[in-house]
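Below is one structure; the comments refer to it alone.
Chain IDs A, B, C, D and E follow the sequence of writing; residue 1 opens each chain.
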Amino acid sequence: MDGAMRTYRNDEKEGAVSDTGYITADGRQIGGTLMELRNITLKFGGVVAIKDISFDIREGEIRAIIGPNGAGKSSMLNIISGFYTPSEGELWYKGAKRPPMKPYEVARMGIARTFQNIALFEGMSVLDNVMTGRLTHMKAGIASQALWWGRARDEEIANRAVVEKVIDFLEIQAIRKTPVGRLPYGLKKRVELARALAAEPSMLLLDEPMAGMNVEEKEDMSRFILDVNDEFGTTIVLIEHDMGVVMDLSDRVVVMDYGKKIGDGPPDEVRNNQDVIDAYLGVAH
Amino acid sequence: MLNDIFIKPFIDMVEAPDFLLQVLWEGLVSGILYALIALGFVLIFRSSRIFNFAQGIMVVFAALTLVGLHAMGVPAWICVILTLGVMFLLAVTIERVVLRPLVGQPDIILFMATIGITLFLIGLGEIIFGGENKVMITEELGIPTDSVVLEPWGGLLILEQKDITAVIVAALLVVALLLFLNKTRMGRAIRALGDDHQAALSVGISLQQIWVLVWFIAGIIALVTGIAWGARAGVSFALEVIAYKALPVLMLGGLESITGAIIGGLLIGMMEKLFEIYWGQPLLGGNTETWFAFVLALIVLLFRPQGLFGERIIERV
Amino acid sequence: EGLSTPNLAYRTGPFAATGIPLMNGQADYMAMLNARDGGIGGIPIDFFECETGYSTEKGVECYEKTKSNAIVSQPWSTGITLQVLPKTNVDQIPILASGYGFSPMADGKVFHWAFNTPLSYWDGASIILKYIKEMGDLSGKKVAFLHLDHPFGKEPLPYLEMKAESEGFELLPIPVGLKEMQNQSAQWLQVRRERPDYVIMWGWGAMNAGAITEAVKTKFPMDKMLGVWWSGHDADLRLVGEDGKGYKSVSWSFPNSDAPVMADVKKLVVDAGKSQTSPEEMDGVFYSRGLVISAILAEGITVAQEHAGKPDISPADLRWGLENLNLTQARLDELGLSGMVPPFSTSCANHTGHSGGWILEWDGAKFVKASDLIMPESEAISELETAKAREYAEANAPWPVNEDCQM
Amino acid sequence: MLYRTAGQFKTSYQADQALFPVRQDAVLLAIILAFAWGGLPLLASEFAFQTLLIPILIYSLAALGLNLLTGFAGQLSLGTAAFMGVGAYACYKMVTLMPWMNPVVAILLSGGFSAGVGVAFGIPSLRIKGFYLAIATLAAQFFLVWLFEKWGWLYNYNASGAIQVPNLTMFGIYVSGPQADSRVQYYVVLAVVMLMTWMCINLTRGTLGRTWKATRDMDIAAELIGINLMRSKLTAFAVSSYVVGVAGALFVFMWRGAAEPNLFDIPLSFRILFIAIIGGLGSVMGNYLGAILIVGLPVVLGTVPEALGIPISSATVEHLNVMIVGALIVFFLIIEPHGLARLWALIREKLIIWPFPH
Amino acid sequence: MLDAGRTETLLEVNNIEVIYNHVILVLKGVSLSVPLGGITALLGGNGAGKTTTLKAISNLLHSERGEVTKGSIVYRGERVQDLDPAALVRKGVIQVMEGRHCFGHLTIEENLLTGAFTRRDGKAAIERDLEMVYDYFPRLKERRKSQAGYTSGGEQQMCAIGRALMSRPETVLLDEPSMGLAPQLVEQIFQIVKAVNEGEGVSFLLAEQNTNVALRYAHYGYILESGRVVMDGLAADLRENPDVKEFYLGMSDDGRKSFRDVRSYRRRKRWLA
């Protein structure tokens, strides 16, 4: 199991920005290390949700995290986005050790995410929801906003243009002005993605973006994820239970079980890993 | 200055321990009464996440009905039963007319609705009973009215028997409620309802039934509170304002905790009295009881956002 | 139709208990005049109430609502009086605040439109202190001043503070918030701790009953507790009955069931079913005081009508009438009010009259007179009045001052 | 077919973001404004100014302030009245300490003080949520009212313990105090309220507004997408308290003429909360509808028995009034929990597709 | 396998229409029937109206401001759409809601016990069923004392199903049991559904996105799109339908498509002519 994986690991030189990267099966060039998690442990009171896990995420890759329910996948994502602070371990981002940060500071560093249980702003229209994704790019002062003049107005228009692009890209033009509370689940997931994309993140964390979707919708979603990765070179961390999706989309997969890492490597390798089959897949997929 | 704040009050306390005891006792008694009101709140909150602002007016209403019936010449114990009947009708009406159509609405809407109920009951009560202060039928109910005079350290400590009765009744009530909530089928259903309406409905818990039950129990508590408080200060609509005191008690104790309501009540009752007597009156011009409880609760919440005994707020994404 | 005389009453809320008997007395007197004499000077009195609940906010609303045709307004609260006071110069309607309001209103040169006949709060405080002094020296004593934390309760403070200094007693103000009226345990703990020699009480509404029951409970000697005239309500004392024996309250009115006016009211109003009162209430201090207040107003109207030479008087006419009251003992007897109020008279410069008052004492079942008529110390008071009135005028500039008033 | 939005296409984002993208709305508003500035002052009586027009405007503004905090930023506040009080007392102190000050400027500045106090009491919102947060605002409510009562300096040691509005002039005309004319006061209030409303609309539809709404709808998610919750909540407290403070200053200076601490007690807070909720949380227009209802209703109810010639005592009328207001609150909550503004929106939706049912 | 034609019909939904908030028309005439002892699947994309249909049956629409404006719902020959949810539970119809909806502050065991709220057959019987549920879901037994709010997604789903079983239902309306669950668990849960169906004779109407699994376990299926039933048939038949294969099972003519290859433009569904 280790042999193949070592090729991808980057734990030799502390804090090194990058080594050469690798080339994926379908011929894409993956860059150096963007983020590295080192010996992360997370405890809630007595419960150990994550136990000493290390892995890295490289620039431009689609990195999947899989594992049974309660394995600690979402918690891992929460650590990356600063919502949980690990009890132990370090997090390196773009070659520097990341100090403890508030979630909003993390978001401002270019890390955007979606949520397992949709976390849209139900009281707002789709457009407004997506616009919130751009809040990190808007700087106008309160006076300017109150008067709707100068910087505030210019920003509003400029950012609206960006948002419209995202809306076009995700094909949700028709529901632009609908309050999100009324949307069906699948569209909500898409709006959530739009909100994350609007931030133009360098790293995108997706927590079960395709749960509760049928195949057709999963296909759509896959297409969006691939396009984002392709067109903007966005690094993607993906948690997903649909093995078809995971195997088809991801470049490398981390497998977790009961808070421990039980596998890490390219999809083909992981799916044949006996530990993974026992703990998660049930049968080989 | 510093001396007045940090040293003198404590010297005063030690120098007149009987007086200190009296202060604590007065605080304890008012604390019990705050706690009783808070209990009514907690019960309803647990079962419906409704922040029942009307609990205060229900106390007034229950007490007025009791006294009003007695004034019509009805024997005291029959008055109690009839009043319970009225409280039951009130519960049924509130459930039918207000709560049922508002199922599933945001908390604040239901909160507002209970303020609407409060106004309605104030108006109705004043029309039926008139606005004057009335005397609680303490003796008729068989509550002893003498006072017990103790002389600790050669000082003086006056305990009213009706206050002692109130303390005992409150304690019994709390134990009964705790048993009911934690050990019975209905109690479990009440707690379930508080967590998730929809899910409770889906397993066949009848909102209507539970709400009527809960509001009725709150009505019983209101009557007990009304008797206890009325015996102390007479019955009138001014009683309604003590309901505000139940708010910090609730917050301090935790909105869904019976134990919290009681402990919060006692704590606030005693602390505010101590503060008023030893700091408020000498240093701040008095009357600090209007806000002390709130500030105290606020400070506690800063350290425990769910109150001392509240359920931990589950925050996950 | 008739002479519009609105009354900003309260029959509801925590102050209703003390308000109702007064309002009933007032209304019944006017109803009696309407029934007996067809009103005053042949014109009926349109006496009607606007409910304030003793809330200043509501009261000001009521004042605005009822002022259009009114020839007088009776705010029934010191707080409301203070708030409508600045408006009186614009609206030019007299304010009749019998036995309450801002004490410097006595100065008619400054307060052209306001009247607090027949006695002001400073007068009341002065009478109480005089009475206490009769029982023994004040200097070195501690006097607690238990008062409603409201303009009403704070009103006597300037005078009491002045006296505390001159007489050498320690004044201990103990405020009772509106929300604590019924639960005064903190205040009475303070009384217990401070052990004052006397408690002077400026209470109203539910505060009275609260204070008296607490006093009984904490075993404060009842005869050392003295209240203003609004704290001497029979029903409040009846709550404690025998235990309240010795409690005192100053008063400028006294019930007299044998007075002719009572017979008229009983016959023409009560028995005719036009009254909301009860026999028990009619014998009480407050009902008769309400009656007296209406009688004072009626007398003002009569005087004004004579002066104006027409029954249908204007507010300005009524002001003249109220400034020229001369209720001699003879006139009082003529009105059938014998023994119910001391004689007094007003003038352009003196809007109060300073009638003097009796100390009443609770004997376990009713209030009885415990003293002869005691007069306030007018000199010191009027000095203070003038000073405070000027101060007020300055703070509210532009404020017209009428220096031409003759004494 | 009157309310047709079809055919009104927007060709630029700017046009789409205009205040009134639908032409009919703009026309309606223009009519209302023309009426408010020109029509009403001619028609209305002194009574109407004092009991309806001026209070409705002021209450609307206060409710708008509260709505920014509770409806837009999701922070429940039960202390509105106290913050109004801060505005009123600040204004009083300013004009008595600096009598040369222009009263309108003083009113606008006084909001700054309540903003400051609002932020102070808003700090706990960073940790405390939902109903628990109500305790912070209640603490403000009770503490501040107590302070207004105990701190003599605030009311210049007046005998009454109340603040009494002095006669103040602007361009030689009395705008406040007993000498001021209702009509003048109405115009001042109308101008201030309009200005504030316009600014609030701008704030709520822009960046700050979205920040607030995100905080309201799901604060955890908001923080995770890059919103600084502390800033979001505290700006909400600041802006809201500012508006509320200005409303408080108007309340006393342009309407009541005097105020004792009790005026700012909790019933007023509730009243404003009613207006905001009945009007519609998260709506600007709703505050006006709510204020019209809550302020207008008792006035109308008060005249009914008289009009019908039913002899009821004034006390009973008062009680019936309280009862009916209570019942109506429940009634309106039931027919549309999201307030009159939502009701209006629904009607609009129906109008747009009219005459088709769906 | 059950033959829909021959068994008794338990539940019948006739041409119902549902409107939310008085304006949003969601179901536009849906009819379906559930046979006794069968597993019936309700398939369809997001927002098709599956949840709405289930809630219409169990009368849970009311609290979401939705109402059935047309059509009828008949259970064992009796019109049930005006009953309250509790009455329906007593009749043996219980819903497991989408998104699990466990009582977060109650322990797992307390959650299960609330399921027996409507039962009147005594403590012992309830105790026995509790053991039965623990037998089906051993994982729940391990976590019986944990607050449900802190358990994982899969455990919560088990808890919700177990809770429904505690009411001794005749029919369970199961909304998206597979959502968010790991593949192994999905299989496991469906196995349990099958076991309960066969062992206890409970009928299931289940709404699912995961067509693949659903059609493997169900006997009969309905496909719902935009508030209308667009297709129905025996599960086995549906599995072979080319449209279902393409759009719901993700199969192209040569086996399973890769999600990487979906970028090409999609075909229109045949039934949306």
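Just so we're on the same page, a residue touches a chain if its C-beta (ideal position, glycine included) is under 8 Å from a C-beta of that chain, and two chains touch if they have at least 3 such contacts.
This is a predicted model, so every value here is computed, not measured.
Participant: Please give the intersection of the contact partners of chain B with those of chain C.
Facilitator: Under the touch definition, chain B and chain C have D as mutual neighbours.
Participant: Using the touch definition from the top, how many steps at minimum link chain B to chain D?
Facilitator: Tracing touching chains, the least step count from chain B to chain D comes to 1.
Participant: Just to check the components: without chain C, which chains are still in contact with one another, directly or through others?
Facilitator: Ignoring chain C, the remaining chains still form one piece.
Participant: Go ahead and name the chain pair joined by the largest number of contacting C-beta pairs.
Facilitator: Greatest count of contact pairs is found between chains B-D.
Participant: Measure off the straight-line distance from the CA centroid of chain C to the CA centroid of chain D, and report it in whole Å.
Facilitator: Spacing between the chain centres: roughly 39 Å.
Participant: In whole angstrom, how far does the Cα centroid of chain D sit from the Cα centroid of chain E?
Facilitator: The mean C-alpha positions of chain D and chain E differ by 48 Å.
Participant: Could you grab the centroid distance between chain C and chain E? Build each centroid from C-alpha atoms only and quote it in angstrom.
Facilitator: Those two chain centres are 76 Å apart.
Participant: Please report how many Å separate the Cα centroid of chain A from that of chain D, as a whole number.
Facilitator: 43
Participant: Provide the list of chain A residues touching at least two other chains, using ranges where the numbers run on.
Facilitator: 83, 115-117, 119
Participant: Considering chain B alone, which of its residues make contact with at least two other chains?
Facilitator: Within chain B, residues 126, 131, 244, 285, 287, 290, 317 contact more than one other chain.
Participant: Do you know which chain E residues sit against two or more other chains?
Facilitator: 150
Participant: Which of the residues in chain A come into contact with chain E in the complex?
Facilitator: Counting only chain A, the residues touching chain E are 26, 44, 47, 67-70, 116-117, 182-187, 208, 211-220, 222-223, 226-227, 241-245, 248-249, 280-282, 285.
Participant: Which stretch or stretches of chain D touch chain E in the complex?
Facilitator: Those residues of chain D that touch chain E are 346, 349-350, 358.
Participant: Would you pull the chain D residues touching chain C in the complex into a rising list?
Facilitator: 47, 50-51, 149, 156, 158-162, 164, 166-167, 177-179, 256-258, 260, 262-263, 313-315, 317-319
Participant: In the complex, go through chain B and note every residue touching chain D.
Facilitator: 51, 97-98, 101-102, 105-109, 111-113, 115-124, 126-127, 131, 244, 247-248, 251, 255, 284-285, 287-288, 290-291, 294-295, 297-298, 301-302, 305-307, 313, 315, 317
Participant: Please output the residues of chain D touching chain B within their complex, sorted ascending.
Facilitator: 70, 76, 124, 127-132, 134-136, 138-139, 141-143, 145-146, 149-150, 220-221, 224, 266, 270, 273-274, 277, 281, 315-316, 319-330, 333-334, 337
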